[in-house]
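Chain naming follows the written order as A, B, C, D and E, and within any one chain the residues start at number 1.
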Amino acid sequence: MNRLLPILTVVAAIVVLWYGAAVWLNGPWVQDQAARAGVTVSGMDFVGQTMTQDRPVLPAPHQVIKGLYDGVAGQAITSKKSLIYHGWITLSGTLLGFVIGTGLGILLAVGIVHNKAMDLSVMPWAIASQMIPIIAIAPMLAVVMNSLGASGIVTKAIISAYLSFFPVVVGMVKGLRSPDAMQLDLLRTYSAGEATTLGKLRLPSSMPYLFASLKVGIAASLVGAIVGELNQPAGLGARLLSGSYYGQTVQIWAALFAAATMAALLVVGIGRIETVTLRRMGMAR
Amino acid sequence: ADDVTLQLKWVTQAQFAGYYVAAAKGFYEAEGLNVTILPGGPDVAPTQVIAGGGADVVVDWMPSALAAREKGLPLVNIAQPFKSSGMMLTCLKESGVATPADFADKTLGVWFGGNEYPFLNWMSTLGLKTDGSAGGVTVLKQGFNVDPLLQKQAACVSTMTYNEYWQVIDAGIAPEDLVTFKYEEQGVATLEDGLYVLEANLADPAFEDKMVRFVRASMQGWKYAEANPDEAAQIVIDNDATGAQTIEHQKRMMAEIAKLTAGSNGALDEADYQRTVDKLLAGGSDPVISAAPTGAWTHQITDKALQ
Amino acid sequence: MSWLIFAVVFWLVAWGVNSYAARVAGRNRWVRLFVPTLFGITVLVVWEAVIKGLQVSPIILPPPSAIGAKLASSLPVLWGDLVQTFFKGALSGYLIGCGAAVLVAVAIDRSPFLQRGLLPVGNFVAALPIVGIAPIMVMWFGFDWQSKAAVVVVMVFFPVLVNTVAGLSASDRMQRDLMATWGASYWQGLWKLRLPAAMPFIFNGLKIAGTLALIGAIVAEFFGSPTRGMGFRITAEIGQLGLDMIWAEIAVAALAGSAFYGLIALIERGVTFWHPSQRN
Amino acid sequence: MKDTLQQNLPVIEARALGLTFQTGDGPVDALKDVNLTVEKGDFVSFIGPSGCGKTTLLRAIAALEHPTSGTLTVNGMTPDEARRKRAYGYVFQAAGLYPWRTIAGNIKLPLEIMGFARDEQEARVKNVLQLVDLEGFGKKYPWQLSGGMQQRASIARALAFDADILLMDEPFGALDEIVRDRLNEETLKLWARTNKTIVFVTHSIPEAVYLSTKIVVMSPRPGRITDVIDSPLPRERPLEIRDSRAFIEIAHRVREGLRAGHSYED
Amino acid sequence: MKDTLQQNLPVIEARALGLTFQTGDGPVDALKDVNLTVEKGDFVSFIGPSGCGKTTLLRAIAALEHPTSGTLTVNGMTPDEARRKRAYGYVFQAAGLYPWRTIAGNIKLPLEIMGFARDEQEARVKNVLQLVDLEGFGKKYPWQLSGGMQQRASIARALAFDADILLMDEPFGALDEIVRDRLNEETLKLWARTNKTIVFVTHSIPEAVYLSTKIVVMSPRPGRITDVIDSPLPRERPLEIRDSRAFIEIAHRVREGLRAGHSYED
């Protein structure tokens, strides 16, 4: 309860501001329409009209919630208007990309920690790689993947992986280097090799770092999947774009909130796994 | 059956009804074809898809096809189901635009990505500069919808007769409050929605045969769609994976599309081609093609398909 | 074929040289510059050779040489786009967003209630995909750089806020208790202890935000822009298959983004010189 | 008249003091029924096993913790009032210097906060740096100094603003025996010179006996005072005093007190 | 025959040993001209002020640092060979238990690495846990134990695989006096029982005198040995021995040695 109350308060404040902004931003259209029709609107009429438009500049919260509700509960989940249907398509790409990206990130991190040349050369370029506007690459990547015969989900997953590997590399390099000199020396007095050190010391002690980066990584993965869907027929990304294409602001906002909710759930999910893992490893107190 | 992959220029909508109808009505199957239709979108360049081998045949507009040809991608028009152009500028009357002469010092929304050339050409014939200098027009790269007009961020935006125009209407603006300039009527129209393949493939008799059957079935689809617009619209809806299209909108779109395909039996009219090339060569400041292309179209397929 | 063999050989040789250099003189400043440079050159050479070897069409992926040539011949255009997108859009949005985030963090610092409410909501907002936010911002703030800046503000605000709030509680208890024994006021404690102690965290946020800013501005241009800017150029060129120009813009974006990141890292070095991670 | 009154008033007075922490696994009695009187000029040591509440008691005196029962007065005021009157100089177990300030900057920090004039600040910094033998190190950053030097800097910082009461929580815990011996001597000298009231926490029996006029032996669970020993040693104490019979006897009494209060499990 | 030879060979032998660190501000002579012989069954303590090279010397013996001059042999081999033969049990200053392993898991760690059979591992864990009085704590995680218990666990870990040579770097530095006393007693008992060779680093004079058969006094800059004291105390040592005349005398000699080598600056 005392964790929920502050959140609810903030949400309530945002909703109030939001309604205000909706009136403010949608108002000009109401006035223009009235002017074109040669009538005047005022008072409650005006406010009411700002919140019931089909194509508002800013949909009022209840419109978005209705959009979400229609998309989630108002449709069969196999329907193409169902947000669950599209969410699932996005999720599958997100998860596949996340697995690839995380695997790649961990491998790279292990390489960086064990190989000085990789350490020096990979990092600056990994940073530079993240500066590339992925949305510009996505269509070209789709073409290349297409010509290689890969399916849509793989293309999406590659973009996801591309965005999620970076936080994993950064976090894991930190994590794998987190054992202090004494912990490393201890294994040396046992005359343990690098592989043993990795398995018995570096990997376990990197777990908190790993989970922290997994949380960032899964959110990045989702963004990647959505960007990858801009040129695919289905998924939340496609929904966002078609909403934008037809000026369906409510559809955009509903898809937007569906995506953010999914991200939040994924992060919470990883948090759960983290708690369980760390507890089983005895690292959660 | 022979596999054919068709890449569309835009998302699934009645603009491409002929192909969806042909598939749904079994016209392709009857020709022994197994056709995969790939929807496009703002993020898809059909020319690039075909260059990468992702499609056998693409729907594209002639300006971008010719530009690609000059860049070294030998695309050939094998059929032209669209006789006329649906592009226009739609302006709010209250912005004070009544004739093209009023464009000066106004902000105009334009689609880029290969669609800007007819517009630039038009402006240069009007003698209006597009670089933002005084007395010219301010050009916006418009997004995917008509919001700039509704929000009065632009005096005019690009629309298609069959689509965006109706979005403006749907938004609640009466037709009397709008002024439209059809490219067709302004004499700056270029050919839209044609079928293009790679030149090298045409030499292969098997491919040629496939395309003959494809074009024949596609045209059958188009004519069926013209005759049965409501059924065609429903077929389009059934094929839309985003679930964003509505049947009302697609019916109306189908009706408008039928006007554009009406004059065509599928074969490219050489005069239309020549007009398009002339427009593009005249260009604006930065012409899209620098020399008249050769071999950019053929009747090889339609001759066989339509006999 | 020979191009492919060349690529493999070049890669192996460069890798060998790098391994040797890193092992023998990994601490030397010049070697630390040389190794990543050679790595970058290797990537470019292998890219070029693979394209030549597999005869990849330049319409699919142009070779680095063509990109370089285009880059060199289009400098004025690229510069104009960089000014529009980076300096006007990304940078102003970055400054506004980061500045606002730090101020808000200080403002909510005294209220644990607000913090507990704002941070989860903030994380939720941060998870909103920009491709969804960008068209909305274009609708609200118009086509010019202001809407790009707005997208950047939204993107950078929460990472910086979260890090700053974390940083403000990063001073350890003993350090805070010291302030208490001296009878320091809230503002004295903030100014002399908690802000300096928060700097490593704030810079962490600033660096994350730095990787987001330019991308956000470019992406926003996909949803409407004047006829200049990096995102505009990329969409306009795709229609005429100007892949070399697109890649030139991408190269400029990567370069400018990395330079910006480097600059933040440099300032961080100066400001948090005292932090163990900066002392090695 | 007022002065004499102050002189007679105890500097620190605790009556039936109790302090209970509410933790996840239930309440922890960190202090229970603590009675203590400290007079002006006393050098008091708290000694006891880990967890017996030494730090907690010291923090309560400095108003860093708030007692849950009993009364605690400092100079006749509440500890919080005394804190706001800047009565305390507190030296923590670790040096706790701010790494972004030089040594001089660290020492200046409380002076800035208390609003001393700029040249007064400089003068005092110079003065205390000399006192702890760190002249010439003012411009160095904390991490450029050895642990012992950092500890001395933190003592200098606590001395700089001339608080009446010096609270020191195991200030020499991290130092080696020789350095510790020397700092013990210095601390005694300083105390003799300034006649401050010093409350000192330590683990070390010799240290407690060597330094204190009053040794408070504590024992844990719940934290309480088991013995208060008034030292018969003279105020001037050379290091050799540690080999004297009196010294060894007090040390023995402290050790016995400690052992009695010490349970086996840790 | 071979056995006798081994018996007579010194376990650790350093001749003119030097070790210089290359640092940013130039070379640091951590050890200079160190000569030392340790026989089988010796209990050797290194004592000296901070920075005099105690840890460095211990690390060199364990092949964790490499001497830059002189020779160092362990059981007649180089330290590195001895390390690969798993001759060392090393106890670090802090307990250094891996927090994600239980106490038993921590003790098992070296056994896993050295490839002991599973039931042999269990047996040994049980055995050493008993030895350090931690039966029943095997399933606990390190943070569930007090500091002293953790330290004992880390000693158990070093004992589990029965290395000949036990190297202990200030193992009791972080503990309070009472716990420390008890662990000192336990260490002596253990040593008596197993007849291992133990090398022990400490800051504390009483600790060094109480435990050792040989006390090595070191001094800094450059780190060198200033005195080696062979203790006349008997092998059995009750705690009370610390009040004996012999004890006090050795302690005095150590203190003088330390003071001589101690420079003022830190």
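Structure notes:
The rule we apply is simple: a residue touches a chain if its C-beta (ideal position, glycine included) is under 8 Å from a C-beta of that chain, and two chains touch if they have at least 3 such contacts.
Quantities reported herein were computed from a predicted structural model and do not represent experimental measurements.
Common neighbours of chain B and chain E under the contact rule above are A. No other two chains have as many C-beta pairs in contact as A-C.
Placing every chain at the mean of its C-alpha atoms, the farthest one from chain E is found to be B. Centres computed as Cα averages put chain B at a distance of 85 Å from chain D. Centre to centre, using the average C-alpha position, chain B and chain C are separated by 38 Å. Separation between the centroids of chain C and chain E, computed from CA atoms only, is 50 Å.
Our note on geometry: chain A versus chain C, Cα centroid distance of 18 Å, whole angstroms. Shared contact sites, meaning residues of chain A that touch two or more other chains, fall at 57, 135, 139-140, 143-144, 147, 230, 241, 244.
The multi-chain contact residues of chain B, meaning those touching 2 or more other chains, are 42, 45, 48, 51-52, 143-144, 147, 151. Applying the touch criterion to all chain pairs gives A-B, A-C, A-E, B-C, C-D, D-E.
Across the complex, chain E is touched by residues 49-50, 133, 146-149, 175-179, 203-205, 243, 248, 258-259, 262, 265-266 of chain D. If you check the complex, the residues on chain C that touch chain D are 172, 174-175, 177-185, 188, 192-193, 196-197, 199, 272-276, 279. Within the complex formed with chain C, the chain B residues making contact are 42, 45, 47-48, 51-52, 64, 67-68, 71-73, 112-116, 130, 132, 138-144, 147-148, 151, 153, 288.
Within the complex, the chain D residues that touch chain C are 59, 62-64, 83-86, 88-90, 92, 94, 96, 98-100, 109-110, 112-114, 141, 143, 161, 167. Of all residues in chain C, only 15, 18-19, 21-23, 26, 31-32, 35-36, 38-40, 43, 60-61, 113-118, 120-121, 123-133, 135-136, 139-140, 211, 214-215, 218-219, 222-223, 230-231, 234, 238, 243, 246, 249-250, 253-258, 261 touch chain A in the complex they form.
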